[in-house]
Amino acid sequence: MAGFDKVVSSYEEAMAGLEDNMTVIAGGFGLCGIPENLIAEIKRKGTKGLTLVSNNCGVDDFGLGVLLPDRQIKKIIASYVGENAEFERQMMSGELEVELTPQGTLAEKMRAGGAGIPAFYTATGYGTPVAEGKEEREFDGRHYILEPAITGDFAIVKAWKADRYGNLVFRKTARNFNPMAATAGKITVVEVEEIVEPGELDPDQIHTPGIYVNRLIQGSFEKRIEQRTVREK
Amino acid sequence: MAGFDKVVSSYEEAMAGLEDNMTVIAGGFGLCGIPENLIAEIKRKGTKGLTLVSNNCGVDDFGLGVLLPDRQIKKIIASYVGENAEFERQMMSGELEVELTPQGTLAEKMRAGGAGIPAFYTATGYGTPVAEGKEEREFDGRHYILEPAITGDFAIVKAWKADRYGNLVFRKTARNFNPMAATAGKITVVEVEEIVEPGELDPDQIHTPGIYVNRLIQGSFEKRIEQRTVREK
Amino acid sequence: MALSREQLAQRVAQELQDGYYVNLGIGIPTLVANYVPKGMEVMLQSENGLLGMGEFPTEAELDADLINAGKQTVTMATGASIFDSAESFAMIRGGHVDLTVLGAFEVDVNGNIASYMIPGKLIKGMGGAMDLVAGADNIIVTMTHASKHGVSKLLSNCTLPLTGKGCIKKVLTDLAFIEIKEGKFHLLERAPGVSVEEIAKLTEGELVIPDNVPEMQF
Amino acid sequence: MALSREQLAQRVAQELQDGYYVNLGIGIPTLVANYVPKGMEVMLQSENGLLGMGEFPTEAELDADLINAGKQTVTMATGASIFDSAESFAMIRGGHVDLTVLGAFEVDVNGNIASYMIPGKLIKGMGGAMDLVAGADNIIVTMTHASKHGVSKLLSNCTLPLTGKGCIKKVLTDLAFIEIKEGKFHLLERAPGVSVEEIAKLTEGELVIPDNVPEMQF
């Protein structure tokens, strides 16, 4: 195994090089498919002044929410936030800058960032507060706004399985923002439930090719459920 | 099986509604992964004045090339053409309009068309003949051009397997432009090697969700090889 | 009588067609899934990346990796597919979803909708709502016709920050089913036992009332 | 002596690094794969949707569904992945490929490249070349230094329609290895037995010649 082996041996190594004031793009939707241990490592490191790009910001004691008490987040770009009290307090007091972005636009901005597309037009947000300060333009009689791409110094991603080359497979709706996040980081760090040897994953069934992945680590996950909803059998 | 059963019983039914002067987006790269029988049905129907969007235009007697002798194609939007003599003759004589489009831009234009993105910026083609008549713009000191999306009245697609709901799985590099084409047709028609029952395909491993597919037919395929290259064992 | 939550869901369900791909928002829209007419199949899209959402799981089926856009644990229906968020919103933005049902705080005669933010009070974010209203051609907004204090939510002009501009054509409230066109509300149906006058009184935006306004049928 | 096709490929291969993702164009660039240094691993990207391209197949392995960007039948290397064309060019346009090697008709001192079209003669199209030159930071152009008639292909200004503007920094010809910066060609290495004068004579664009121009080592 030579140059394509992306596996690192510790979370410290996985997040090495993360510095204050960097931008971090995180996969996950709510608490589903979040890179739990990479987030915990950022908390442990105490990196400050971060701009976070993530659909949500976790809850008080889990997910990205754990970065709030020590004021590690300067700004968050998200579509839905405020599932936790400390977040609301920091937002209301102005300690935390929040840039609300429509969910689909956020996903597309990450994809564009990874795909070398600097900006795209979308009808989403036209005529709303999201359009403020953005170029508006008509195509075929419909109104659109121009949305710039997003890239990050780091992307932190949770996948289900990977081979050592960094080819990734996601599981069920834990996929969500993870594949786009993986493409948009200068350094993309992925934690997975299982690492297999190259050749074990079917090439037709790889969700994220290893070219996007810089570092890979196997972790164990709590996988906390936010809205536990069951039916009677 | 009710409203989601996309299976039709004949190629005639599969291409019903295709009329003169429509735009057809076709999957395939070279002769790999092309919807052979749907193309043959267009030839049989004799539909004329078509605008075709496809990476290539087949060879003299196979693939989209078969639509040339009867002058069924008015215009083709492609990245690489002229693998056949009749094509060159029609292009040189001006009987056939050719809009050369970079391969990645073509793929992205189809994706954008299906994804409700009317236009996007790309560095590809800046400063070249492709940029003529297009808006140029700088982002972060780099030059880009604005490329509009493409949609079609019909999209014709070849997949490997499908379930009756139109969920698709592609095989190896026969995937190519097919998934984007599938999203960009007002009516998307797919031919496959095998149709299975809903539930047989792993939801995590479906390449194209059935929502994009209107009609589905099982065919048999010649799968002609353009450049047969083998090594000595 | 104003419609109950269940009746709102039932009435929306009458708009379903066999083979529809449907996105149901959080709250009342979610209940629509319980009233799909017999013999009809619809497939539910959940914008976090699932087409073919099934029922809630049993305890045994519970899976933290399988949730809906409301972050509730769910199951997959037969023929479901999973995809990433960019693909999910490509589907939505590209107009591939046949019907979208979602709630709102306000709508107005120009089809504007406000549903995600009450300045100074509720600033949780728009989630996927802006994409859904911009992407779908066929949207039904479900909401109460007026506040508890009798303040109309069907306005000449929305007062809250917009979720989308000029994109709503159909509103189902607890009192009425209303179409929006040419800058006016058009009363299509009224809730059983609710008078046209009552609806008119609680509709601030211009309301066109035809001679005959049928009661909703359940 | 001018370099042979094989030597061109060999010299390019010296630029490889362990763990590089590489896109090799049709023709001479393809041969580079034969000269990957021992103990080094590179992964070949084929823009029709394959990362991890392997050797040509044996008769028994031949598969019409598995081709490269030159439409040749190929195999997959261990750890390969398959994706669609939009993803493939997202990878290319997004700058994720470490090295791109491709041919050209002309390059000029401003890093412009013409490689896809000779008006009135060859109009087959650019395929993926425009995306490749726009997307990659690290590109090596391989070409003959001059035509059979001694007409230079390293120009002050390209005469043919451009494939890309200002994107080429390294050119390997059969005579020389050249860097393009600050609007000039800079001679880095010469082919074994080829004189600096010979190279200068066949280079139309401004050429900076350092005191010492080493011969290429093979």
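Here are a few things to note about the model shown:
As written, the chain order gives the labels A, B, C and D, with residue 1 at the start of each chain.
To be clear about the criterion, a contact is a pair of C-beta atoms (placed from the backbone, for glycine too) under 8 Å apart; a residue touches a chain by one contact, two chains touch by 3 or more.
As the structure is a prediction and not an experimental result, all values here were calculated from the model.
Between B-D and A-D, more C-beta contact pairs join the chains of B-D.
Each chain gets one centre point, the mean of its Cα atoms, and the points for chain A and chain C are 29 Å apart.
Averaging C-alpha coordinates per chain places the centre of chain B 35 Å away from that of chain C. Each of residues 108, 111, 115-117, 122-123, 170-172, 175, 203-204 in chain A touches at least two other chains. The set of chain D residues touching two or more other chains comprises 76, 82-83, 89-90, 92-93, 135.
Here the touching chains pair up as A-B, A-C, A-D, B-C, B-D.
Put simply, chain A touches chain C in their complex at residues 29-33, 55, 78-83, 91, 98, 100, 102-108, 110-111, 122-130, 143, 160, 170-180, 207, 223-233. Chain B contributes residues 108, 112, 115-123, 139-140, 142, 144, 148, 169-172, 175, 203-205 to its touches with chain A in the complex.
Across the interface of their complex, chain C is touched by residues 2-4, 111, 113-117, 163-165, 167, 183, 198-199, 203-204, 206, 209-212 of chain B. Interface residues of chain C, counted against chain B in their complex, comprise 17-21, 39-43, 45, 51-52, 76, 78-83, 87, 89-97, 135.
Across the complex, chain B is touched by residues 46-50, 55-60, 62-68, 70-74, 76, 82-86, 88-90, 92-93, 112, 117, 123-131, 134-135, 161-166 of chain D.
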